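In what comes next, chain A is part of two complexes: it sits with chain B in the first one and with chain C in the second one.
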Partner chain A sequence: MTEFLQALILGLLIGGVYALLASGLTLIFGVMNVINIAHGAFLILAAFVTWSLWRAIGLDPLLAILLLTPAMFAFGWLLYNATIRPIRKAPPAASVLLTFGVALFLEGIMGVIWGNTSHSVRPSYANDSFNIGELFLPKAQVYGGLVAIVVLASLYLVLTRSWLGRAIRASAVNPQGAELVGVNVASVAALTFAIGVASAGAGGAIASVLYPFLPGSHYQWIARLLGIIVLGGMGSLPGAVIGALCLGVAELMTVTYIGPEWATGVPYAFVFIVLLLRPQGILGTRLRQDVATA
Partner chain B sequence: MHKLRWLVLALLTMAALVAGACGDDDDGGGEAGGEAVKIGASLPLTGEFSEPGKAAKQGYEVWEAMVNEKGGLIDGRKVQMVIKDDQSNQNTIVADYNALISRDKVDLLLGTFSSLLNLPASAVAERNRMLYVEPAGGAPELFERDFKFLFFAQQATADKQGEVWANYITELPEAERPKTAAYPTLDDPFAQPTSEGIEEIFSKAGIKTVYRETYTIDNPNLDGIASALKARNPDVVVHGATFEDGVGMVRALRKANFTPKILYQTTAPSLGDQYSKAIGKDTTEGIFYAVSHSKEASTPGNEDFVAKYQEMFGGEEVPEDAADAYATAQVLEAAVKAVGTIDRERQLELADWLRENEVDTILGPLSWDDLGRPEGEFLVGQWQSGVPEIVLPEEAATSDEILPGWRPEGPG
Partner chain C sequence: MTDAGTTAVADGTLKGGGAPPSRAPSNALRSPWTAVIALAILFVAAFPVVSDDLYYQNMFILSMVFAIGAVGLNIITGYAGYISLGQGAFIGLGAYTVGICVTDIGGSPWVWVPVAGLVAGALAALLGVVAMRARGHAFVILTIAFLFLVQLLATNWDGLTNGTGGITLPIPTWSAEYQYWPFYYALFALLAVSLLASWWIRRNKFGMGLIAIREDEDKAATVGVSTPTYKILAFAASAVFVGMAGGVYGYYISFIDPLGMFNILLSVQIILSLLLGGRATLWGPVLGAFAIEWLNETSNNEFGGGNARLLIFGGLLALVVLFLPQGIIPTAKRWIESWRTRGQTGLAGERLTDIDLPDRTAPAPAAPAASARPLLEVNGLEKRFGGVRAVDGASFAVPEGSITALIGPNGSGKTTIFNLIGGTMAPQAGEVFFDGQRIDGKPPWRRAHLGLGRTFQITRLFPEMTVLENVVAPLREFHIGLLNADAVSGREARRAEELLDFVGMRKYVDVRASALSYGQQKLVELAQILMLDPKLIMLDEPAGGINPTLIERIGEMIRELNARGKTFLIVEHNMPFVLGLCNPVLVVARGQTIASGTPDEVQHDPKVLDAYLGEDFRLEEPVGA
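Our next item is the complex of A and B:
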């Protein structure tokens, strides 16, 4: 029983971090129909910046989030206007190619700056855990999970309670209708993209403590994150959270009860089965935009 | 039309980037001119194996410098290393060795780092009938292909790497001998056979296996494994690791508050400073590992190698992988000097000579069986008071005591 609870706790904690990492990806897809293959590369970029700040001035990765989020927001906004805005009306395949190109470009740049070697950030609490009886909760994962909750809650509040959020949702559901009522869909898209990249900034800072990374690590992240948002229902924020928690728990249960070598395969088999039964994902719905742009 | 333009632009960008990312050549600073003997190797200077790859490059460069200072390799001809970067990629390395042979027209080859990369690279050398001595490729499967040109320049293949240590443990007095063992292992052609070799010896001695699982490098989930280990509570953990996962496992065990009495890891603890910085100096106390080289060893030429290494690259540490690469080049040098040729057509003679003779290297004397497998024994290392010491065999020991087990709280 202890082993089961332990696996469940570790799975939920990791799932929380996955949720943070996937939130930006699903947001960008939901609003803009852009499958942002560069999301993993943004994350690794943030991880490298976190590493540099930690090495240079000993800045704690959790505090680095405060710097990284606005910096990545600005970076995302500029990148959107420079690269994605011109192809906004192109079919989604163009955005896949373009963002893949951006990912490769960033991978190259990171390789030049930080080298193609493995890095990891190890703050003082990296080896410590909170203990509850027999169970242990690794501090880094707990902090990561808490940051994930804060960021996701803020995102949720922005989306549901602010004018910007309403504009984002309106643009997602019916861009033509949103334009009609005075929403500048192009600007909203830029802001959404920037918010998505900013969340990758926070996620990257956390991931840098939990996993070793090198410039090429973005491939494995984007594969996992796409699995999560497909599982949750593409474009749905709560769906991404549920998908992430499911995948985290599925991974840990696999490690514990089937064997660690299956930790990559089994969760994807789970995604596959869910999609067979429910092709739109757990919380996905057929959006009005699918009809409107058809 | 507009869309098509963007598509083409995106594809071109990607193509340019991919082309730009493909390996650079590094001529290693050898003598220019037609006279130099060109020796080619492709090493993982970037990517997953870049730490050992860079160290191996240093080892080859030290050898190049020392051989040239002594007047060259053969007929007064100096050595020029041609080193490529295979990016830790099995496809790139095949292209690299093909290019070294056909485009760069090197006279001789030296091996690369890790079994994973030597597996395809040695096949290229074999097909071209060129001698291939490798510094790190101890997976038994490398030698199951009846190759005639492949030689491994360390003391033993992976399945035998933990032998000396495992025998030491099984010969401990009854009260100190562990009863149960766990074997978490990376899916790697080197780490896995090492841990299986140890398990075989332990099982025969009655040490029960309570956990054996393999994980993959892209999804190690070490916290989950540490939690499973804690639940099974083995006396000894034998961890088949490379660097990052080796560090990750120690950290995961600490997070899980689980301290097995004895901890043995492959590869990671032999990486000196890097390892102790990554897990914390105190945490290293008592961790066992196998190692091929010791800076303090009194093997012939070791002192000169260490001095030259420190002169060229500074620092106190001499990475094991640099020493292995140096020894590999020593083996090649011995064969070339004894047979007196670097002729492409006569490389089988070099290989035959190695099969029949023993070569003195900084790792100690090396000799091989018909399939190129070395026939020696590894050294056993243990971290003591923040320093990696050799504890077995006794004649090579740099410390006169062996700590009974892992004390992650530090010495004292």
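Our next item is the complex of A and C:
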């Protein structure tokens, strides 16, 4: 029972971090109809920068979020305007291939700068844990999960309470209509992409404490995040949160009861099962591209 | 509800066009390209014999592995339009099949190479089953998940694959004098066979269906293309040869492990080859594969591989998408074509002349015999979008042999009714009977096979296909053997040309559909569904957006087809056209049928005047009456 409870709580905490990371990905998809394959590479990039800051000046990884979020926002904005904006009207396949290319390129750059060895950020509390009864909760996991929830909550506030948030939602629902009522959809798309990348920045800083990483880790991360948004329903923010919590718990349960070597397979299993049984995911409205008769 | 589809172009607008390329095969043979290709083939075929340079022999071997992968990927990505980022998985699956069979069962690796193809094909078909309901992005995600999943299985399933320890294959037994020749020529033969398959698919009914799926999957279903079957077969076809090549490749490098065999960079190299060379072309994937493998070797030798390879492949992928989205061969073709046709007027802009029309007399619109049985019967059909009742219990019948009109105000649910009958939408309630069979619940292609053909309010031709290809794409029935039927020459093509002759578009057989004017697209779409030899032809606003001469012409065609036994159901707003042509006339308003009768009865029915025509409706002069 303790074992189960422990896996459940840790799963939910890690799920909070996944939720933050997947929100950016699903937001970009919802507004732009772009699957950002480079999302995993963005978060690994943020993790490496966090590592460098921690190594150089001893900056706490969770405080590094304050620097990384605006920096990654700017990076995302520039990248969008340089690469994705020109192919905004191209068939959706183009953006998948483009962001895939960006992911590979970033992996190469990170390999040149930081080398292809495993890194991890170990702040002072990395080996401590909270012990509640028989439960054993590592402090890094608890702090990371809580910070992720705070960042995610502020993202929600921006999306629901600000003009930008309304413009983003309008562009997602009906780009032509948004254009007609004075929303510059291209600029909103750039800002949305930047917000998505910024959330990968915050999430990457947190993830750097939780998992060891190397440049090639981004494949595993993008697979995990894609599994989440497919399960939750592509383009749905609440869906991303639900999907992330499910994945976090499912991974921890797999580690506990089946074996850690199978944990990476959980998101792939999600993708296969969801596409077979309920292609629109838990909360997704059926994509317009979906088969009408299915 | 309007149907999103090809861009509507006002009638008569000039849109590109260009003279049709010559279709004479003898011409193609004389082209300088054929000589270049023949020389390249000879060079690759003779290389190991004339040169003993193992560096280049190795490079050509790897190029051929990726070329086979790219030619296969072209079937699903180039023809059917489905992007796969995990195609490299089939190289690994093929290699593992050979490795496992040799280790556990024994025998020469060559014996197991065909088995490797079968295993790859079967797993790809399975992937196709999962992908049946996934389109676009969901499919891309699925292919990534597939690649990582098989890699995970190869890593963790120690008993079968020896995990990360990998499998070592026996060393070749032939004399060192022959170098890598057996590998080289085995791959050469596989490449030749896969190219032959690709060439044949591009010409037959199967390939036409795949391209139709790429261009407009829902529309393809309405012209009888059983899309799930096509997709599953296409996935299997794309994997068989690359699976065999993977088997040869595994034997060639003699060591198989999960990291090397399921490395995502193999997939990157395959997709990059296809994109660079040119999607949906025959030779593009081969050209791309040789270029990319050369780049791969260069990055390994000059820059130490690893990160340099990632930078080059990643950067090139982004650059190709941004600056060369069509790939080398299509871009080059386009340049040559625009250079060759400079200064010429597009054929599409020519005025339609009466000479195009076959002589035919227009019989007076005949009322259907009172005893005519209903060909189509609709009972209590309902369709809601959220809270809106677009179709709210519509019931009517279309008598066999009639030209029945379905009229009503905008938003009254006419097109939705069409979609429900055609099967592009599923009703919440109600029944549809066609030719004595209940058809609601059947997929659109089954309805097309039963004899139901429909056009769309905004024409939905397959824009990148030629007029001829558009017309040969439909399938009247489905069985596996039919997929093999030649489509662009032979019986099907002759039939298509006859139909194009009937609608007066024979001259345009080789023009791309997107280059046609809107009115011309309507005529081709009519020919397209006539290819189905339908019992019932449903036309959604045949007279909308086109000029009066053409309207009259379409009216004549409808009469002639009706005289030959075709039943029509027509949605139209042009009242003179409807009232001069159709009998009976059905009127829908707010999703219900409110009246039906002869044109005369309907236009004097107070309910109809109130709901649709207006109190002051007077029909001056019915066209063609």
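Simple rule for what comes next: the second predicted complex is superposed on the first by the 274 of 294 C-alpha atoms of A that agree within 3 Å, B and C clash if a C-alpha of one lies under 4 Å from a C-alpha of the other, contacts with A are read in each partner's own complex, and residues count from 1 in each chain.
We adopt the following convention: contacts are C-beta pairs under 8 Å (C-beta built on N, C-alpha and C of every residue); 3 or more make two chains touch, one makes a residue touch a chain.
This structure is a prediction, so every number in the text was calculated from the model and none was measured.
Look at A:Met234: by the touch rule set out above, it reaches chain C but stays clear of chain B. By the touch criterion stated above, A:Arg122 is placed in contact with chain B alone, chain C being left untouched. By the document's definition of touching, both partners, chain B and chain C, reach A:Leu97. Residue contacts after overlaying the shared chain place A:Val112 against chain C, while chain B stays out of touching range.
Once the two complexes are laid over each other on the shared chain, residue contacts for A:Glu261 go to chain B and to chain C alike.
By the touch criterion defined above, A:Phe4 reaches neither chain B nor chain C.
Residue overlap on chain A between the chain B contacts of one complex and the chain C contacts of the other covers 86-87, 90, 93-94, 97-98, 100-101, 104-105, 107-108, 111, 116, 220, 261, 264. Those residues of chain A lying in contact with chain B across their complex are 2-3, 6-7, 10, 14, 86-87, 90-91, 93-94, 97-98, 100-101, 104-105, 107-108, 111, 115-118, 120, 122, 126-129, 131, 136, 138-139, 141, 212, 214, 216, 220, 251-252, 255-256, 259-261, 263-264. Residues of chain B that touch chain A in their complex: 2-3, 6-7, 10-11, 13-14, 17-18, 20-21, 46-48, 50-51, 87, 184, 187, 213-216, 218-221, 223-225, 227-228, 231, 243-244, 247-248, 251, 254-257, 278-280, 283. Of all residues in chain C, those touching chain A in their complex are 81, 83, 85, 130-138, 140-142, 144-146, 148-149, 152, 155-156, 217-218, 221, 227, 264, 268, 271, 275, 306-311, 313-319, 321-322, 325, 423-426, 443-444.
Contact residues on chain A toward chain C in their complex (touch as defined above): 29, 33, 35, 37, 83, 86-87, 90, 92-94, 96-98, 100-109, 111-112, 116, 219-220, 222-223, 226-227, 230, 234, 261-262, 264-265, 267-269, 271-272, 275-276, 279, 287, 289-294.
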